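Shared chain: chain A. Partners: chain B in the first complex, chain C in the second.
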Partner chain A sequence: MSSVEPARAGVIHDLGYQRYTGPRLGRRYATLSLYTHSLRTAFGLGRSGKAKVFPWLVVGLVFAVAIVAVVVRSQTNVVFISYLQYPDTVGVPVLLFLAVVAPELVCRDLRAHVLPLYFSRPIARPDYALAKLVAMVSAVWLLLAGPQLLILLGGIFAQTGGWRGGWHEFTDFLGGVAYSGITAVVYASVAVLVASLASRRALAAAAIVGTFLVTAPVVGVLSIVGGSLRELAPVLNPVTLVGGVKRYLFHTKVGLDLGIYGPMYVAVALALVIVCTTLLLARYRKAGA
Partner chain B sequence: MALIEISGLTKRYPRVTALDALTVDVQSGIVGLVGANGAGKSTLIKILLGLVAPTTGQVRILGLDPARDGDQVRARVGYMPEHDCLPPDLVAAEFVTHLARVSGLPRAAARERASEALRHVGLYEERYRQIGGYSTGMKQRVKLAQALVHDPDLLLLDEPTNGLDPAGREAMLTLIQRIGTEFNISVVVCSHLLGEVERICDWLVAIDAGRLLRADRVAAMTVQRDVLAIEVDEGTDELAKGLAELGLTVGREARLLLVPLESDETYDVILGVVAALDLPLHRLDQRRHRVAELFTEPEVVDVVR
Partner chain C sequence: MNLTIAWITARALLGRKRVLLLLPFPVLVVGLTLIAHALRPDAADQWGPVIVDGLGLGVLLPVTALIVGTAVLGAEIEDGTILHILAKPLPRREIVLAKLVVSAGIIGTVAAVPMFVAGTVAQSARFGLALAVACFVAALAYAALFLALSLLTRRPVLIGLAYVLLWEGLLGNLLASTRELSIHQYAVTLASRIAQTQLLHNHVGLPVAIVMSAVFLVGGTVLAVNRLSSFAVTGETS
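This part shows the complex of A and B:
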């Protein structure tokens, strides 16, 4: 540093430029980089302390529920929250997580017009949209499967059936994380699509909570009407839709009464994911041009 | 091989024709792409990046066809958009590192080159601050750094001096000139201010309404003869008449008379006429042609400052 003049923001340091001769990885690596960056962003990693507060509050909350489940089981030897029940038990914190994180992943780039910087690189528009969606799915899945793993560890120590019991515990766990996966895919595809349509983060958060909450009373009212509507109406709300899929696929004995419509729940869930993803891709075909 | 080869390039949108049978070859070096707002500069950049397909015509950039090998082109080209494009809540070093990875650089190289790029644009000390707290000048530098981070063979800069104060403009232009000369990276600078880019460019390409106005070396454009500007306090008309009678081509510009400088004798001839007419000479000086004066078509007037 020169003693004549203190270094200022405008000073261009003269230390020579070096060309880059290393490898240039292609479009797949670029997409993967965006995915990992987005997944980190979901939990506030690599960002300011303020951005970390909310995600980790939710993480703390869902693990606290898991710890309670583990403790109750070890003390009373009664399964307090099963692996399949767990994702529904923490439904509200997960919904809040979606409402905050999905806009964080999607709206910031739209609002700050960051997209041209991505699309002038070896990454295509569908790559961008899918990387964001898959990052959101992964974040929600980790949020659910992490505590389930904790419940598994607690369960293996608490159960008394030896190897057989441990294996049984493990298969139950696999069913639980599979259900978490289904939940994550359905919730995230709805949330990311809604977020991508709203320009402001707060608006997007409200819209996400809205789509999950507003459809709930509709389901309730239609269920009261009775008849086959009682068995059909729950497809209208993502939460009850996923609950119906669980009932059908995992043969759980509690919860919704699906009648003969079980397969329809699976079909509607699948269709919902496909439609949301298609609309998301369409949204990014033009965005940030 | 030319850096960019454009032949018969036309881009029609439903309502407007953005580019109209544009044919031009651009050589390596610093190239100024000038034209008024709406002349088709941004459309041309999007076609060069392979983001928009041309209606008709051919483009080759760095020997590649952007319509077919878009990702290969985009891996070797750095683009600095005209408008704000930075997320305010990210740290500059983190963001530029991330974009370096999206450009295909492995993690360690991305981090190293992000620091380097920020250092080259003069943001080394501030690189761990959030972008939201930066001044406009610093943001422009981050935008330049992200275009430079993956060591491109060509930089496309869209109005890089946008929103900067005179000192900031000067610093940005000096930086671009360094990139072109010392870093040995070809640069295309888009601007609606001809006077600004002519100083740093080797080549100028002027377009208007999607058509080519002129493309040439800046040196070739400025090689034309210099002129002498004469100002007298009174008797301007008589002087003009007197000079014309001696066979000089006299131009008028407000109170000034402009005479081409043929040789040193021109000075003597002018002084002789002024003395003969006994006029009060106010000034007599030599003026260099500005490139701006070479674009004489009326449409270019709004291009020129």
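This part shows the complex of A and C:
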């Protein structure tokens, strides 16, 4: 401001402004805040009604499936959907959830160019990416495990084996919850990575669904064409990949035929999660700078 | 139909590197068909339905339609650049028609070319042509539907995804009669009626498929023109 003449320059009065000298909550607190905020965003909590429509539509759908499972079991005494089957049964609503929530979590910040505002705080770039990823994993896990709790309550009171039967039911439930966790980690890491690469929310949603849908027929075709490809091809699709992990880890009788490749499914799932997370961190090393 | 609007829209969708976004799906369909044909030419009746129906008509067509169909108008609404077009002394129906033609043309081309290859390799050139025709008809219906959606709501892609995933995908398998309102099934019927085939199983009648495709096209277009005529510009709220 060289145009201001020295004679006219005013005096800066001391208005008594003070620096903040209290405790600063630091990086961990900031990351945790970002995580809880993102988890609430996933379900539209603390946001307008419009933002709640899609997440809660999906929540309604998955709980509807759980209620059907409980009712059928109580009426016929046959286990209609087991805990381990449940995450696969609601695959389509979960895919819709991924397409709704993952872009919501990462694309808005990228699109609005607000990342520098985050990084001017104690939070570091990897913290941001991991907080978003973990929030997404938690949201998907809650979506899968919540209805299983309902099935558990229905199952405990519908079964006739007394306390022993109830305990058996509970251990089955723990298996289902663990499998939901595996599913959530694999799905969420793929979805968040894809969403972070497309800055437009609409495009990100379509791209996530595209990745999941397009690989399914690929698995189908490769399974048909050749010998050991039948047991190898399912690793290409996230849905059949976690299905194979389930088959190997929980020794389920139905589903994919893995042959001798069971351990490979676990290894590929682990590698997929590690690669997706690494790429996500790499994406945020420069994003918004 | 206004050529300038059509040109701008086509350039916005295909310009620079954006055309590369549309390439992976067709390349995958063609590549997978060729691999399957090279390894097991005798088992075309097994992998044929998976590629033609499961991948092509079931995923490639609707997902491309979703990306392109909502972007022709939705992207401009989101960015606010729609104002520049609305401020021109043009009848709104010309804008909608130009967008619709470009959108359907791109969807149709992106879907029909790989499907023609897949159909020809899996069965015959006649079947390939039938699939291409079905793709173009379905592209018109999808384009009109998603164009109308992008004017009716602020989140057209999510509603479109819900339609494709839940209605055509999930409910189409569970509740048989929902197929009567599914563009995917119209395409299947058209293709299987034009060329006799074992690879597709149609669930709706040919008259239903033709009439309902036309209803989707005309209804969507009229609705879109109607909504654009009284379009209110609002900021992002949620």
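FYI, the second predicted complex is superposed on the first by the 266 of 289 C-alpha atoms of A that agree within 3 Å, B and C clash if a C-alpha of one lies under 4 Å from a C-alpha of the other, contacts with A are read in each partner's own complex, and residues count from 1 in each chain.
The definition used in the following text is that contacts are C-beta pairs under 8 Å (C-beta built on N, C-alpha and C of every residue); 3 or more make two chains touch, one makes a residue touch a chain.
These numbers were taken from a predicted model, which means no experiment stands behind them.
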Query raised in the report: Which partner does A:51 reach: the first (chain B), the second (chain C), both, or neither?
Result: both
Query raised in the report: Taking the superposition as given, does A:200 touch the first partner, chain B, the second, chain C, both, or neither?
Result: second
Requested in this report: Would you check which partner chain A:18 touches, where first means chain B only, second means chain C only, and both and neither mean what they say?
Outcome: first
Query raised in the report: After lining up the shared chain so the two structures overlap, which partner does A:60 touch, if you call chain B first and chain C second: first, second, both or neither?
Result: neither
Query raised in the report: Which partner does A:99 reach: the first (chain B), the second (chain C), both, or neither?
Result: second
Query raised in the report: Is A:33 touching the first partner chain B, the second partner chain C, both, or neither of them?
Result: first
Query raised in the report: Once the shared chain is lined up, is A:224 touching chain B (first), chain C (second), both, or neither of them?
Result: second
Requested in this report: Identify which of chain B and chain C touches the larger number of residues of chain A.
Outcome: B
Query raised in the report: Both chain B and chain C contact which residues of chain A?
Result: 47-48, 51
Report summary line: chain A partner, complex, touching residues on chain B are 49, 51, 70-72, 74-75, 77, 79, 81, 83-91, 94, 98-99, 101-106, 109, 113, 116, 119-126, 130, 135, 137-138, 146, 150-151, 167, 171, 174-175, 178, 182-184
Query - Interfacial residue positions of chain A with respect to chain B in the complex - result: 7, 9-13, 15, 17-20, 22-27, 29-30, 33-34, 37, 46-48, 51, 108-109, 112-114, 116-124, 289
Report task. Would you pull the chain A residues touching chain C in the complex into a rising list? Result -> 47-48, 50-51, 54, 57, 61, 92-93, 95-96, 99-100, 200-203, 205-206, 209-210, 213-214, 216-218, 220-222, 224-226
Query raised in the report: Which of the residues in chain C end up touching chain A in this complex?
Result: 21, 25, 28, 32, 35-36, 39-40, 43, 46-47, 50-51, 54-55, 58-60, 63, 66-67, 70-71, 74-75, 78, 154-158, 161-162, 164-166, 169-170, 237-238
